[in-house]
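Both of the next two complexes hold chain A, though its partner changes from chain B to chain C.
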Partner chain A sequence: MLTLTSPVETRYHRWSAGVKLAALAGFTLVLFGVDAAALPPLALIAIAAAYLAQGTAFALLGLRLLRPLWPFVALILVWHLWQGDPGRGLAIVLRMLAALAAANLVTLTTRLTDLLAVIERLCRPLSPILPPRRLALAFALAIRFLPAMALHLSHLREAWSARSPRRPGWRVLVPAVLAALDDADHAAEALRARGGTD
Partner chain B sequence: MERSLTHIALFAALIAILGVIPPITLAFGVPITAQSLGVMLAGTVLGARRGFLATLLFVVLVAAGLPLLAGGRGGLGVFASPTVGFVVGFPFAALVAGWVVERTSLPLGLAAGAGAVIGGIGVLYVFGLTGLAMVLDKTLGEAAFLVGAFLPGDIVKAVLAGFVTVSLARMRPGSVLSRS
Partner chain C sequence: MTDTFASPAAIRIDCGPVTLSGRRVLEPLALTLAERRIGIVGRNGSGKTTLLRLIAGLVAPASGGVRMGEVDPFADRRGALSAVGILFQNPDHQILFPTVEEELAFGLTQQGRSRREALAEAHRALAEAGRAHWASAAVSTLSGGQRQFLCLLSVLLMRPQTLLLDEPFSGLDLPSIRRMERRLAGLSQRLITISHDPAALLGTERVIWLEAGTVRADGPAARVLAEYRAEMERLGAEDADADLAG
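Coming up: the complex of A and B.
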């Protein structure tokens, strides 16, 4: 399973994940909390500069990740043009782009394991009800079983296609859920045999 | 204890895979992503508590940078995009769907279908619309106008969630943990 971490190594990769997350949280709160006309364009310029400082290949990668947003950008611009208030629409669009680009920047430059470690650290105060080991095990199990589950599902689809000219219908979901429940039971037995979760 | 943990982890993986590989095609040839169906099933099959935790685990993995949302989206950007509410609402959708199945004495299929409608559509849309309204700076009514097109598909998914849950119980009694 590929993560979204950038293959282009940047300076930001070496920054601590916790610091980057805190900075992103602060950035987003200010962006959505402070209502100043100059803020969204300035924020977007700052983020664009942060991308471009690491080379055009990296900046293009960042631009590609903004693609899911274009329909919303078009919609908001058309909406506000029609309402006769294009300035407001532009501010909303710039704010949205800046927030998404900033969040993507953290995801692009932080390894999955580092982010999961931060989450585990943040959950430590919950340790009486959520033991850290169990949380780490849940992450590991879910990630490990992603490819296994994908394989199950493609086998089920092939089995369907071998028997029917039609494409797989909802009935294929029943064995898929059963397979997940079976896998869960087997994994639980294996864990217990090795001394349990704690 | 182990069984509870593995059920949560494996269902999180199942929800993820249902978004990556669209497994089913409706009669009219419209492929639907089964991800939100997976969320409904997490509630109706695992029950409120485990369904909530399984879906929460899935959302955390998305936040941590795995591209597991339908369409291969993922990472922290999901939480800054207009659709943030739907992702944040997933665990609560599963929670309410499971709660309905656990706490009512309706026949299982009806309970699961109703739970999927109340949780997977009602609760999820409340979260989703709130997110849309906040990011796009619109009123809730204007946001509702945007998502109306998705309602028919989601109703179909809720009905399917009822059918799948009943089929599971019929094929293997005891597999529907929300009623055992």
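Coming up: the complex of A and C.
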């Protein structure tokens, strides 16, 4: 999700993040709530058209993002074939593909900060127990430090490999966790140096 | 950032020892820091960074404390933000946000500015520094020198009267060091700079030499740095750095 935003500027980039998220919610609700045989294929065609309207390169990118789904597609189809109900399996698969393609389309065309702004707005009623600024800070810190932790882990693996013929495996996890705690200490101090969380 | 800071309030340190996780890092101190350019030298583990964190209000002494005018930086965090800013030695310990503009805007929103204002100010500062294109860049794509520069810019934006710099040139290549030096030399704020390299502090008015958490020498840069250098050469001729902390 962190790096999913498409570098190619599409028409959808200019739509408001709130509208896109609401449309996505509505689309998914209808997709899974309405039981009509014609709906799943039509929904998938509509989404494919929405991708294709922004060029074949963009549509191919969308298709590539669906690739991790194929084991699930295969599993569901095989299961329903075995149950003697392939039509139902096909409907589930089409629904799943349409829902994910639609969600990816929103993520691809919306800047992260805009998504976070919508979430912050939606969480405003919770503000007495969950101050919106604190929530926003939590999101920002997660986005900043998840890649940093991954980088740290890869450094530890390198440091291991530089002095060992064996693969590092799980053994670097403990130092990685300790490093994460260390990072948390430093972040807390940096936060305090610039005004804390109020 | 061309504005002048007419006369930053003197920093008065009068405190008991500072103990971190059971280890006495700083002995009781009584110092008044009023000069505009102050250097702190000392060997590894002599307490330089802890002294800086004490001044920044990030650690508290056992008794007494630090004052800058009316502000106690440990107790009054809001007041501390405009009194003192700190540049950590490792930029990765300072950067909190995924993008450059968010990192720059954060301190300003902490000082009570709206998010929109803070972002506008961040963009203006970037443009002024000839780096407008950095605004939405991910901090993870910046080089070490660029991160250091981002950290300095974030702190400068908050316009503190005193800047605390912890080894600001460590890990930078020579051109980055020169650029950083130029940028720092042009500032009208008070600068308190830590370095283990005497040459980096030659331009300061006053140098404090810390040894084992206490002031070993304090005075004009030329004299203290000469003494420090002589002692370091003497120690270097022996077997140095074998003692463990604690």
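To be clear about the criterion, the second predicted complex is superposed on the first by the 190 of 198 C-alpha atoms of A that agree within 3 Å, B and C clash if a C-alpha of one lies under 4 Å from a C-alpha of the other, contacts with A are read in each partner's own complex, and residues count from 1 in each chain.
To be clear about the criterion, a residue touches a chain if its C-beta (ideal position, glycine included) is under 8 Å from a C-beta of that chain, and two chains touch if they have at least 3 such contacts.
Everything numeric in this text was worked out from a predicted model, so none of it was measured.
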Legend entry - Between chain B and chain C, more extensive residue contact with chain A: B
Inset, instruction - Check whether A:Leu65 is in contact with chain B, with chain C, with both or with neither, and answer first, second, both or neither. - result: first
Inset, instruction - Considering only the touch criterion stated at the top, classify A:Glu9 as touching first (chain B), second (chain C), both, or neither. - result: neither
Inset, instruction - Using the superposition on chain A described above, determine whether A:Leu100 touches chain B (first), chain C (second), both, or neither. - result: first
Inset, instruction - Mind working out whether A:Ala187 is in touch with chain B, chain C, both or neither, as first, second, both or neither? - result: both
Inset, instruction - Could you look at A:Asp85 and tell me whether it touches chain B, chain C, both or neither (first, second, both, neither)? - result: neither
Inset, instruction - Considering only touches as defined above, state whether A:Gly195 meets chain B (first), chain C (second), both or neither. - result: second
Inset, instruction - Pick one for A:Met149: touches chain B only (first), chain C only (second), both, or neither. - result: first
Legend entry - Contacts of A:Pro168 with chain B and chain C, given as first, second, both or neither: first
Legend entry - Intersection of the chain A residues that touch chain B with those that touch chain C: 2, 112, 141, 143, 148, 183, 187, 189, 191-192, 196, 198
Legend entry - chain A-facing residues of chain C, complex: 53, 56, 58, 77-78, 81, 85-86, 88, 90, 92-99, 102, 106-107, 110-111, 139-140, 154, 158
Legend entry - Contact set on chain A toward chain C in their complex: 2, 112-113, 140-141, 143-144, 147-148, 151, 183, 186-187, 189-196, 198
Legend entry - In the complex, chain B residues that touch chain A: 1-3, 5-14, 16-18, 20-21, 23-26, 34, 37, 41, 45, 57-58, 60-61, 63-68, 71, 73-82, 134-137, 146, 160, 163-164, 167-168, 171-172, 175
Inset, instruction - State the interface residues of chain A toward chain B in the complex, per the touch definition above. - result: 1-5, 24, 28, 32, 65, 68-69, 72, 75-76, 88, 92, 96, 99-104, 106-108, 110, 112, 115-116, 119, 134, 137-139, 141-143, 145-146, 148-150, 153-154, 156-157, 167-174, 176-178, 180-181, 183-185, 187-189, 191-192, 196-198
